[in-house]
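The two complexes that follow have chain A in common; it is paired with chain B in the first and with chain C in the second.
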Partner chain A sequence: MLEFRKDIFADERDDNLHEVGQPTQRQDMLGHVTGTSPYYDDHRFANLLHLKILRSPHAHARIRSIDDSAAARAPGVKRIIRAADVPVNLNTLLSLIQFGKDDEPSLATDVVRYKGEPILGIVATSERAALEAIALVRISYDQLPAVFDVEEALKPGAPSVNAAYPKNTFEYYSKYDHQKLRYGDADAAFAQADIVLDERYQMSPIEHAPTETNGSIAVPDTNGRYIVYTSTQALFFSLDTSAKINAVPSNQLHFIGGTVGGGFGGKVDTLTEPLSILAARLTGAPVRYRFSRHEEMQFGSPRGGERIYVKDGVMKDGRVIARKVRAYFDSGAYTRLSSYAVVKCAAHIPGPYTIPNVSGDIYCVFTNRTPATAMRGFGVTALDFALECQMDKGATAVGMDPLEFRMLNAYRDGDMKAHRREAKNCALIECAQVAAEKANWPLRDEFRRMSSRQGGGATRAGGSADRTRAPAPAAAAPAAPTRAPASTPQRVSYERPMPAAPPRTAPPAPPPRSAPPPPPAAAPAGSTHGTPRFSSVFGTRRR
Partner chain B sequence: MAKHRGRGVATINYPIGMNLGGDPSQALVHSNPTGKFTVALSSIDLGQGMKSVTRQICAETLGVPVEDVYVDTADSDTGPHCMGSFASRGTHRVGNAVMVAAREARAVMMEAAAEELEVDPGDLETDGRGSIRVKGAPHRSISVRDVAIAAQFRQGKTISGRGIFLVPLSDVDPETGEMSPATCYAHACLIAEVEVDDETGDVAVLKMTSAYEIGRAINPKLVEQQLVGGSWMGMSHALYETPEPYYPDTREGPRDFNEYLMPGPGDICPHDILVLERPAPDGPFGAKGPGEMCANPVLPAVANAVFNAVGVRINDLPITPEKILRALKARGPAAASARAR
Partner chain C sequence: MKTPIQFRLNGEEVAAFVESGANLLDTLRESVGDLSVKGGCWQGTCGTCTVLIDGSPRLSCVTLAETCAGRSIETVAGLRRGADLHPLQTAFMERFAAQCGYCTPGMLMASKALLDKNPNPTRENVVDAICGNICRCTGYEPIINAVLDAARSDGRRRA
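Then we have the complex of A and B:
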């Protein structure tokens, strides 16, 4: 079911290699299949203590009082850990790379901001004893109004979630409440577009659902050091975070991991190590803190639920001439890593397409839910969902084959991307070609001949001879798109007129369908939008 | 009431490594006295094959058989810093660091061999099977084992190397978003075929066909496990999973795998995968990485296939039977598939 197409891009590779490219069996295979690979929880200690966390039952509340006196006297309880016991209680993960303000406590002090937020830790001789002691703790709360919707959270008068960011948005560059992307003039281009598609998409949060839940064991070692067995995805990231929260030099901590039972981003968060180390320091005994499946599902960070609005300006011939994206990342109550995903999302707009007018406004929004975090495709997965559904709608609106519509707009080597870097090493067109061939998805000849290596960017300006021309829209004309402007706007080209446009060497051979193809996009002295001009298959290109 | 088939497509790219760079990884490579190599890392193997990929890259660079290399990770006392296993960075970032370290170790190994063979190091080559020989005169050779013994006990040389790979951190223009997010991108096209029951709203994914361009595939089997596993995750994401089924309403959250809906083995469909390799100029042997991206195209491809099958657009994930039935109801009785393909 997996097959290589070594014939494609063969001229760019030296395939004369010994070990690289071989289907060598994994180094750790024997250990995995015989059950002897050491995961963090495979380490056994005779006097192991167990840390369990009392969590907030409310999404937003002020803690009025905590009475843990009965819990302290419960059988098996060795130590209660309170917020005041945590040396540096407030932290943010990306403080290690100087990005963002410390906003999240290891244990809540006066306010809880999501259901499940840790308030108190109980260290006992068994998990059961710890859980039974938790049931004896009495906390009184004043419930506060909560907000769960990203757009509601941005409205005036919405409850303020995060004390470090009282307006419910992460701060960018100390002056903006979101990340911007601006390229060309999207608004001007919409006015010129034949069709404008304005759509809303909603990503669902999902669970990381690793086979092995988050956890760690901290063990007092000789000479004042602590060995920490951990499920982390980022050893030094977790070590440095734990050293900061515990206010100990980093070389007092000896982290051992590297064999992890699945992780899709959620094990970057370092949810257990700081407190298992603190518990080991306070009790002098090895302490395990591991998430139950319930904790993993409900209080381990999920993928955030991004809401994305995409507005496209599309020409009848299939060119997407403008794209505007407005997105709200639901960070939950604290930042963790969502602030980073926002910038990554902005960099990804407008997807793997060459679109001359692009605008993006991406917000990291705080709500009263479990903090979201990095997950496979962070910042991109949701955007790809939105953009690729949008591309399908664009193809439908102009009556084009959805794959040909994508290939028409696909980026190629030399094209300028919206974040103002030249595209290189592209291969979207080739992927489309071989997938279509395998799936018997019909592509017209000119699309089968397209190449990521030809016709892009600078070479376009010279009028590369084998450049594929615009295929005419496959005009099995659908009903007029709903949002098409009432009066058909004049076709404009965003090409500058070239002194001598090269002759069309390979005229397209559109299969005869119901409607005649519209005239090719010649290059009238039309408006330009002050950006580098390009089009994948139309006319000339210059930069 | 009928079942309708449809096909949907998505084409995507994916940036390799942490956005904006600034995410270093280090590696140390050294030989023991008898010519077996250890790679010391602090990188994490989540099951994706970090150890195997770096092992093959190290063996290739040193010019020794893969069995003569062992990857030791992750111990903070012995392994040098690595940013972590995320952002599709393992193969590219750690692989590059290992390559740098292995090159340094190889240079010492070749010097030591040259001294033993009394030739210039530039005249030597490795045979990839455990020996070093004079180019054009293969009978004049020495085993890596004998080179290591000589280096250690006679020449006083350490056959070892240090490596770091860092893509320098890019600035971001606050006004325009101008930035250098990544040095290379992987690509994919995925076609999903589904069957939608307009009575129950149930969606079955019947087949996937995909093409992935991932730079050099260091280990085809590991690539396959990523792409197959990732497509399953994407399908699950598209149709089943969520801890908040009525998001942003927080109620009805599942607490365990009995309540958290995921596809079972019976829901897995045949998947034809084609792999293209356009080497990344700055990748280890041109490698990029297939890690994160392979869930991404499945979500929109399935959504688009549902539209192709029954003509309704579901813009909110997951695409549950409830949402499909509501959309069909809202659209009215005029059924039939949107566009036969």
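Then we have the complex of A and C:
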């Protein structure tokens, strides 16, 4: 059962929570266990037609000619949908919020830019008939040089992948080829650091592999509109995208969904709805466009593979004084949502740690791979993997317990973040304390007493009277490592020799089973109940 | 050319005309109208479409419909008895053993096949029973616990 630790920060909120912390049954659970939840494909229509897509066998090629005459005569074929049939055949998902250029066709016109790119649709009386007709289409291609590596794609002379972004990088604000973060002077600080850790992390693309594949059914309604049953995770987002591509007012589309057989981010791309709607409009019949498992795995957009370089400057006492991140997000052939992932990544640097000198350069790179999309914290997840590996390596390098190393560097209230926002409502130290307690991981006394509410701000690295400004850069570079000297009272020095064996096997003392003692300065629980300061939304809880 | 076949579905006699080569999954969903069976891969790899044929778990997407003539088939649609849920269904609800719910019908049928044959399974037996069923949401642990719970509650009910 859930455990809700009301003892932590108890003085900061009313103890009047009745639902939070209590288990509650999901409203859709009965449908799930009785097999009655209405997934998009559980709707039945007489005379349903089936749309299947002819996809590019090449990663990068120019289409010389398409001969679909035999397919058009094949049994059961009702309609062939060509690129010219798509009313607005260029789109980018985030154009709905005016972010990025339209760069992706629904059906390829002259060039295919990844293996599996849709070229032609065939609507037939059965999936089988559609597939048999697809086998009759003849396309001749001129293969073009392809690039599959993010750093190769940025080299001079690399094949240009995406016509809207010829330099193979997404453009921010129509002029910047990457997201950049500067705080303090990382390079100068590396020169002062006791240890410098320079590491490379490479992620793989990951397919969401939902048990229900992407799909939709578009049905002509009695009033001239179209009802669309869909697996989308983003009903209105998909509706607006479909309306744009079909050049119809969005009130002509009625999307029904919300019961999604697994999404994890892989069902926000509106991969099927625009074409199933177009097929229904062109045939006047209900049309289903359902990914096969092969299409889902091979062509459904995955989490992009990121390459991340992290360079840390670490002092022997455990402080991380500089962190430089250079990351390349493999967007595949088109933007979809990777441009946004890069923004999230830049906003997440340097992780939940107070580091006085931070540098970040994050690129959204186009390659001839399957376009990437959202997946569970995309932009942040891979960076966190890299940063936490880096924290482990840093702890090992200075001979510190990895949890204590993190607690030492954790954000505390009042610290200045690399984005020039003050850290508020910090809780990493307390999370680490509870995790250590649960895992019987020994923490030394000073770490059991540590608090996010104490020791942050001006006396910490990066803090200053004027908190809107970063620490002075280059000119004052030598000051960076000494800005938070090890002698600062709340700092812990790391003189103790580390045991050869991991601490888990030889705990110096059994950790307490109870909660960490509240910091001495904390007001007694209950005395400040009803305080109007509690608002995570407005960030005013502890201010 | 369509072939008439007849089989028992959740205790009731049903009949369908099927194309040569039609699979049981499509026959149940399209011809008979039992939409509680879900398709996930249509190639016999994910377990989502699991039904019981004469009590044994089978992948309906790679089972020829014609081979089911005269057999007895069970799906999730026949699991509950009127207003009462099967102990497995109750346990899946209480243990939060479904999230998106799409693999749940297959999971329930694979688990039912186990409990019908072995009312007191070990954890290892449960893992074996559902090892052909892919779940992308739960991480399996809640499902395993639910099946063990169902076995215990069913035992108590019978006692």
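Note that the second predicted complex is superposed on the first by the 446 of 543 C-alpha atoms of A that agree within 3 Å, B and C clash if a C-alpha of one lies under 4 Å from a C-alpha of the other, contacts with A are read in each partner's own complex, and residues count from 1 in each chain.
To be clear about the criterion, contacts are C-beta pairs under 8 Å (C-beta built on N, C-alpha and C of every residue); 3 or more make two chains touch, one makes a residue touch a chain.
These figures come from a predicted structure and were not determined experimentally.
Judged by the touch definition given at the top, the superposed model places A:G263 against both chain B and chain C.
When both complexes are overlaid on chain A, the residue A:D67 reaches neither chain B nor chain C.
Of the two partner chains, chain B and chain C are each touched by A:A209. Legend: residue contacts after superposition of the two complexes on their common chain; A:G31 is shown touching chain C, with no touch to chain B. Judged by the touch definition given at the top, the superposed model places A:R293 against both chain B and chain C. When the shared chain is aligned, no partner comes close enough to touch A:D198: not chain B, not chain C. When the two complexes are overlaid on their common chain A, residue A:D142 makes contact with neither chain B nor chain C.
Using the contact criterion defined above for the overlaid structures, shared-chain residue A:D110 touches neither chain B nor chain C, since it reaches no partner. A count of residues in chain A touched by chain B and by chain C gives the higher number to B. Residue overlap on chain A between its contacts with chain B in one complex and with chain C in the other: 25-26, 28, 209, 259-264, 293.
Residue ranges of chain A in contact with chain B, taken from their complex: 1-6, 8-9, 12-13, 17-28, 59, 97, 115, 148-150, 172-173, 175-176, 179-183, 199-207, 209, 232-237, 239, 253-265, 267-268, 293-294, 297-298, 302, 305, 330, 340, 343-344, 346-348, 351-352, 360, 367, 369, 374, 376-381, 384-385, 387-389, 391-393, 402-403, 406-407, 410-411, 418-421, 424-428, 430-436, 438-439, 441.
Interface residues of chain B, counted against chain A in their complex, comprise 7-15, 19-20, 22, 41-47, 49, 51-52, 55-57, 59-60, 63, 65-66, 70-71, 73-77, 79, 81-87, 128, 172, 174-182, 184-185, 187-191, 209-213, 216-224, 227-228, 230, 233, 236-237, 241-244, 247-250, 253-257, 260, 262, 270-281, 285-286, 291-293, 295-297, 299-301, 303-304, 307, 313, 315-318, 341.
In the complex of the two chains, the chain A residues touching chain C come out as 25-26, 28-37, 39, 41-42, 44, 208-213, 259-264, 292-293.
Here chain C touches chain A in the complex through residues 33, 35-43, 45-46, 48, 75-77, 79-80, 85, 88-89, 92-93, 96, 98, 100-105, 108, 134-137, going by the rule given at the top.
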